[in-house]
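Both complexes shown next keep subunit A, but they swap its partner, so subunit B is in the first and subunit C is in the second.
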Partner chain A sequence: MRTNKILVALFTLLICSSLAFAGTVSGKVTYTGTPAHQKPIDMGKEPSCAKQHATPIMTETVVTGDNNALDNVVVYVSSGAPDEGQVPTQAITYTQKGCQYIPHVLAMHVNQEFDIINDDQTSHNIHPLPKVNIEWNKSQPPGTPPIKEKYDKPEFIEVKCNIHPWMHGYFAVLKTSHYDVSKDGGDFKLPNLPPGKYTITAWHEKYGTQTADVTITGNETKDVNFTFKATPY
Partner chain B sequence: MAKFFAVTIIVIAVLSAIPILRHTWAAPEDISTHGYLIDEQMSETMAEAGISFLAAQFLLAIFIWMFSNRGPGAKIRNFPGGAKVLVIAALLLVGAEVMALGVFGVKAWANVYLTPPTANAMPIQVQAGQFAFYFRYPGPDGTFGPTHPELINEGSQNFFGLDPEHDTDSRDDIVAAEMAIPVNKEIHLLMHSKDVGHSFFVRELRVQQDFVPGLDVSLHFTATKIGKYEIVCTQLCGLGHYNMKAYLEVMSQQDFDDWLKKEAAMQ
Partner chain C sequence: MGMNPLATRFASADFGLRVLTMNSLKPMRFISAILFTAIPCTAILVLTFAAGFTARASAQDEPLVGPKPPVVVKPMVSHIGNITGHAADGKYDYRRYCAGCHGDYGDSNGENAVWLDPKPRDFTIATFKCRSTLTGTLPTDEDLFNTIGRGVTNSNMPIWNTFTKQERADLVAYIKIFSPRWEKEKAGTPITIPAEPPVTIESISHGQALFAKLECWKCHGTHGEGDGPSASTLTDSKDNPIRPYNFALGGNDSRFKCGSTNQDIYKIFMTGVDGTPMPSFADVIQPNDAWDLVHFLRTLQVHRHSKENEVLMAAHGVIPPYVDKNPPPAADTNKAPGGGQ
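Let's turn to the complex of A and B:
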């Protein structure tokens, strides 16, 4: 009995100490140069979607913000992540609304289940194009239940709709849950990293990847910034 | 019973001819310069087929009326010369009918397909792909930039695979999801398919032409009435075929110039 109490106390101490020494990597993703001009999308052939947008939505290949901020960049721990193989149980969603994929880039853990939802009054046919995972495409008429899917290998997967050619997005299937997708001005944050050496990778669908090494020694916040070279074409 | 059957055949034949004769389901208004030839051809075909149909039904009814319920031992008379002559006569009759349709129809066909577009026809490229049409205008330089299929990227709206970074001709090309044209101006439509067979059909234009993968198909027409018309795919092309459509906007020259400027600004 006494041994048990000591074990529980030690375990609690261990958890508390690891939380106490959990570091954070945060920063901003920016670009230099001239990013590709984004074009308005004409949804005239699908009136039920077109009327959901007061002004035409723009393509999302390169989404920028003030002060050269770059959004939709997946920033994740590519080496040293403490949670490889720990599949999160909460489901995440990928929504088709207004003939657009929301979010444009969905990051997830390998083998994590995600729901694909059709929130439109028209049929969609979601068709991700993996190279190493198994390829499928599924039709989803309006009002049908969510499609549940998961991928068992890490990969960045382009996603398109077989019915609406302008619909376009990405799945980022990662071996870790320590990821963030830059948004609202290129900001990202990777919290709860125990002390250790990590490689942080930033991935953008058009401008490729960048990496940075970072060492967390205790309860600290490390600033890591990424700058991509943007090209107009 | 046989006489009742014969009368029924006559009634059905006559009733089915009434809506055709009364033009109950008339074709939509023709808005093209060549469409009247197609419409004339359709009327001729309908008249010829209709007269043949009615004649065949009347003959059938007469034969049933006259020769049914004959007693045993009634003499059976054959067609003069037997079955072989009957088949040859039928072939000649049907052949003459088909030949006549071809001879009368060739002027409509030739007007669309065998005459080249005039030198000042406006070129527009249309690309069909599962499941949408996209249109390309050459821009101020009057030249289409080359296409590179490997560069096709629908996510960034590069539907034709243009390379404006390296091809200067591509930089002013205008790509749109609807087809705007000026009224009373000849259009030279350059058609190609990105994937499978499709079709370009505008009822009011009297134009229906297949896209054949691997072939550049060319077509020319002139629209004569301002308005908005539907372009639909009429070749079953896959899951989203039912939803494959675009719109044709026939505009005044001034409106068209403004539209082109607006589209150019969005490229």
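Let's turn to the complex of A and C:
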């Protein structure tokens, strides 16, 4: 009995301590140089989508903000992540609205189920182009139920709609749930990291990857910033 | 003197062309003409050979990458009815008849591949166009067997009916050695195709409504001529330009990439053509609706004799607008006369 109590106490202590010593890696993604010029998209061939945008939306290959901020960069723990193999159960969605993918980059855990939704009055075909995972291509007319899918290998997968060639996005299939996609001025945050050594990787669809090593020792916030070299072409 | 009037006219033209006739050729001129032609030609030939040798020499100077490793023939098998194909038995035929396009390593990099459009299948990724199974799954052995025997129309894949059934089964087994998917996954389950209902002008009309609703016309065009608004932008999964199928081309012998029967059309749009922009509609078309769409698609083959075109002719070539006999409750309840099942 006494041993049991001690064990329970120790276990509680362990949980509390691990919660207490949860570090955060946060920072900003920026660029140097001249980023690729983004062009307005002509949706004239799809009036039901064109009328959803008061002004034409821009291509999203390189999305920048003030002070050289770079958005849509997937920042994730590529080595040392404590949660590899723990597939989250919460649903994530990839929405087609106004002939645009929302979000432009959808990050997910390997084997995590995600819903693809068509919020438009037109048919889309969802055609991800994986090299490692298995390729499929499905039609989704308006008003049809969400398509449920998952990928079983880590990979950055380009997503296309062949009917609307300007529609372009990415799935980032990762071995961890410790990820964030830089937004609102290049900010990202990876919370709840127990003490340990980590490799943080930042991936951008045009400018490639960068890595940084970081050590979390306790309840702290480590600043890690990534700077990509932007090229116009 | 001695030159015919036409030649004289040419010879005196401003652009200075001299037209030589046999009469005007004096021996010295003849020799100098030959020399003038021969010297540059020889020079070009010598230069070409020299360049060739230099290229060859520099190729030899490149760091050695070594010979490519031999193809490991895994003990893959295929089952077609009561025939069992063995990869080892398909090796000779593959290397003799298939490797020229599909490549020794099945990676679609055969020596002819650069000249081909569309490109040969890449067996290393095991993505196949003609399947009876759902999109993203492996085809059945029969699917591959049928593709070899049928060939792929509008492509350079010939009809290989010169092979015996056993040889074709062996080839099906052989192409499985190129992708690890064949060891890890089972082939998909063929979709269930219900019996075909009779062709009526109503089924054609409903098919036309589906063609519009599912936006098939965005690529295939309103008359199925492959000229829809998105047609010019289409690329396959390897970024090579690709055209949507033109239903109107061809006569009685017109075929689809994956067959020529009504069942084949049903399979093509329900399972999709993997590796191309043609998606799968299995999740969005009900089986009987699918047959109506098949009936309409046949009428787009305007030069092909078919029972669908006969029914259409009997209706004076006019497809009536589709009237939903079982509209949803909130919708307009005007029923077509004689409707209901």
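Throughout what follows, the second predicted complex is superposed on the first by the 227 of 233 C-alpha atoms of A that agree within 3 Å, B and C clash if a C-alpha of one lies under 4 Å from a C-alpha of the other, contacts with A are read in each partner's own complex, and residues count from 1 in each chain.
Just so we're on the same page, contacts are C-beta pairs under 8 Å (C-beta built on N, C-alpha and C of every residue); 3 or more make two chains touch, one makes a residue touch a chain.
Please read these numbers as outputs of a predicted model, since none were measured by experiment.
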item	value
Room on subunit A for both subunit B and subunit C (clash or fit)	clash
Partner chain(s) touched by A:233 [first = subunit B, second = subunit C, both, neither]	first
Partner chain in contact with A:125 - subunit B first, subunit C second, else both or neither	both
Which of subunit B and subunit C A:24 touches, first, second, both or neither	neither
Which superposed partner A:139 touches (first subunit B, second subunit C, both, neither)	both
Touching partner for A:45 - first (subunit B), second (subunit C), both, neither	both
Touched partner set for A:163, first subunit B, second subunit C, both or neither	both
Partner, of subunit C and subunit B, that touches more residues belonging to subunit A	B
Which superposed partner A:147 touches (first subunit B, second subunit C, both, neither)	second
Partner chain(s) touched by A:210 [first = subunit B, second = subunit C, both, neither]	neither
Set intersection of subunit A contacts, subunit C complex versus subunit B complex	45, 122-123, 125, 139, 162-165
Subunit A to subunit B touching residues, read off their complex	36-37, 39-46, 59-61, 122-123, 125, 139, 158, 160, 162-166, 168, 206, 232-233
Contact set on subunit B toward subunit A in their complex	129-132, 153-157, 159, 163-165, 176-178, 238-240, 243-247, 266-267
Partner subunit C, residues of subunit A touching it in the complex	45, 122-123, 125-127, 129, 131, 134-141, 144, 147, 162-165
Subunit C residues within the subunit A interface of the complex	125, 127, 135-136, 181, 213-215, 218-219, 229-230, 233-235, 237, 272, 274-281, 283-284
